[in-house]
Amino acid sequence: MSTIAQGSIILRPHKIGATVAILLVGAAALAVGFALPLILQSKIAMSLFAQALFDALLATSVGFLFLQNGRISFGQAAFSGLGGYAFGILVARGLVGSEVALLIALLLPTLVAFLLGLVIARVSGVAHAMLTLAVGQAFYEVAFRWRELAKGDDGMSFDLPARIFGLSSRGLQDPAFMVALAWSILVVVLVALALFARSRIGMVTAAIRDNEERARFLGYSTTLPRALVYALAAFIAAIAGILQASYNGYIAPQVFHWTVSGYALIMAILGGAKFIVGPAVGAVALFYVKELAGQVAEYWPAIVGGALVLVTLTMPQGIIGVLRLLWLRRVRQ
Amino acid sequence: MTQVALEGVGLTRQFGGFVALDGVNIALKRGEIRGLIGPNGAGKSTLIDVLSGRAKNRRGRVMLNGEDVSELSPQQRRKRGMARSFQRTNIFPELTVGQQLRVASWAVADPDIAEVMNELNLAALADRSAGDISYGDQRRLDLALALVGRPQVLLLDEPAAGLTVEESLALARTLRDLVNRWNVTVLLVEHDMQVVFAICDRLTVLHLGRFLSEGSCAEIRADPTVVAAYLGTQA
Amino acid sequence: MLIQVLNGVVYGALLYLLAVGLVLIFGLREVVNFAHGALFMVGAYIGFSVAAAGYWWGGLLVSVVAMGAIGGMLDAAVFRTLREQDPMVTVLVTFGLLLILETVVTAIWGKAYLRYPMPAILSGTVTIAGSPFPVYRLFVIAVSIVVAISLSAWLRFTRVGLYIRAASTDARVAAIQGINVDRLSLIVVGLGTALAGLSGVVAGPLLTLSPTMGSYILIDSFIVVVIGGLGSFAGAFVAALLIGQIHNFGAIYLPWAATILPFLLMVAILIWRPTGLAGSRA
């Protein structure tokens, strides 16, 4: 029932008004980002929230793929992991300048996803789920075994380059700075996705998602647009991976594990994958529930699994969807 | 521009042992509105599918404006001016009416969609989600998607399916107007004979996958073989 | 060399038992059970509990029966309830179940690796082509062959088998013809899950038990099932043998090829048949 143009905005504005509204909301959100270190106060709280933001970015990647391509991926961690690994390895070996390393770390997963997207454009549903699961694990297994690359399953720590884009890189491992940075990036990404959804290419991909056959009969080639969405989703995942690798100064095969992909998917569903902010909300919510779970954390996978079953069966529109429904009901009264 | 806008030569389609179409020939002159009729199972929808590029496992040739498009995909055929509508409504349920018509227009170099929207009474529904509107509105939307961009050749598969008598005739009139204004060549599959006789110039009759007869509406009405086919056919 | 091939066949045999379960379930319910690997793992643990008390064969029996029952419950509670919905809903729900099952097992048996005992009768070795080869591994291969033959015979020659084949081809038509698809599903899903349990018990002494042992083999069995064609038992058999060989040879000679090759094959098959699913379903 939700039209994609409504995206993260609950109102039904008109054309240019909507774009301005999106930008204004985005600007306001950015401003909040700078206040975050003050709100969070302790370094631990900031560090935790930074981690939640990394999760939010990966979840957004998964959600975006579902939103614009109608495809559920169980292997998005392949791209975040690839981004993190590329950055970490290039930096550790000093092969290229830090800016170039960043660029490669962003573009490599994007390119891989684009090519993969071309190939699997016609694969949907259950087969797609199985395939993406296998992709993620294939990356995991390779990273696990390839000791020369990054010490295999031991994982590899690396030092950040001294400067990046002329600025000192130490901020990247400072909780306050990283929180503000990650938040800002998340906001920019969400705004960009909202604008994408309203753009021509966004609507064309939405149409292809809705009814691929009819889209063809309208004159569209459907493979390229789909591949583009795969590429964009991977780009976002890569950002998450790079931020995380930089913050921790460490990469390990675990970043490719299917549980990472699976949890990101669950976060997206929990928050509401049909809404652009949904996955991010789901990620933060899940992250903090886990923190609060404390002792119960022993049984965390079961809790997440149970939440997935519950949400899938009873509120598939996710948290944002439910909030929207409640809001609409209030408006009608 | 050639006189023959659309031509099918020796079109055959079979799957498994079942022959849905058997060596059908058809040729439409530019601007003609041809009705395609026949009892159930005659192969009418199959012919549309083959002509529009939807069907695999087919033999024969399809010529559009004199060009052989037999091997071309539906996308490529649309770019060359062939559009179609669908018997089972084939729209974009999560886009609004306005959005999907715009999407349709971008594929054919951005003509104005207002005309199509107004002619088919969809203007008031522009911001409604296509999945939420009535069946009749969805049928008109299905047709509108095919009309955007003023295609040269239009293949319509039971556009009035499921519509009331009034809706069907209104649709027929609108269609006739638009088509004559734009000089579109139309092949129309329809069960509703009132619609057929209201807009078609000539009729082609299929029976059991084969060509049976062709002629003006009056000729076909009087053709005994056609009458027999309709009365005598079981399935 | 022959020994290497045989080792590959052993892994292939385990994969086949799992793949068969997936194919059975997909054939009737049109869904892929993402919890199948977890069920394999649960079967192994259940068998282990009995086997550790000294009854290896008892463990096998209890596990197979218990898993069969669990499969039946799964069908009734999940697959039947969700059959009108998009198959992805079932995938997500079974994925959630996977996580729940892993936690339950961890809670009961702990995370530590456990060693599954080997039955005395089967713990010897046999000389094949001049090298010793564990009898137990031959047993694994034998089990898989017996299952393959029995299953084929059952499907081909019994009435229930006929109903299953009919319902797998077109459940709606089968239902119209009076076949109780739901009752059939109960049997089929129960059987498929029992086979997962069997695979788990039989794999027990070969692998170490851990709550995560199901996930890796699940992905391999998905690959088998996609390559072999989701509707095809014969395809699953051949694909399982193939993946078993790749897995084994790869582990020795080219570790990466072992990981990448099955995945590449899967992609290749999905490109060639983009619906992904060959065999009796288009």
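In this document, chain identifiers A, B and C correspond to the written order of the chains, with residue numbering beginning at 1 in each.
The definition used in the following text is that a residue touches a chain if its C-beta (ideal position, glycine included) is under 8 Å from a C-beta of that chain, and two chains touch if they have at least 3 such contacts.
Keep in mind the model is a prediction, meaning the values are calculated, not measured.
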| task | Show which chains lie in contact with chain A and also with chain B. | result | none
| field | Interface with the most contact pairs, given as the two chains involved | value | A-C
| request: Identify the chain whose mean C-alpha position lies nearest to the mean of all protein C-alpha atoms shown. | output: A
| field | Intercentroid distance (Cα basis), chain B paired with chain A, Å | value | 44
| If you average the CA atoms of chain B and of chain C, how many Å lie between those two points? | 49
| request: Could you please state the distance in Å, as a whole number, between where the Cα atoms of chain A are centred and where those of chain C are centred? | output: 33
| What does chain A use to touch chain C in their complex? | 72, 74, 119-120, 122-123, 125-131, 133-135, 137-138, 141-142, 145-146, 258, 262, 266, 269, 298-302, 304-309, 312-313, 316
| query | Which chain C residues qualify as touching chain A in the complex? | reply | 31-32, 34, 86-89, 91-93, 95-100, 102-104, 107, 215-216, 219, 222-223, 225-226, 255-256, 259-260, 262-263, 266-267, 270-271, 274-277
| said: Help me check something: in the complex, which residues belonging to chain A touch chain B? | reply: 1-5, 12, 200, 203-204, 206-207, 209-211, 213-221
| Of all residues in chain B, those that touch chain A in their complex | 52, 54, 73-75, 78-79, 83-84, 86, 90-96, 99-100, 102-104, 106-108, 127, 129, 131-132, 145-146, 148
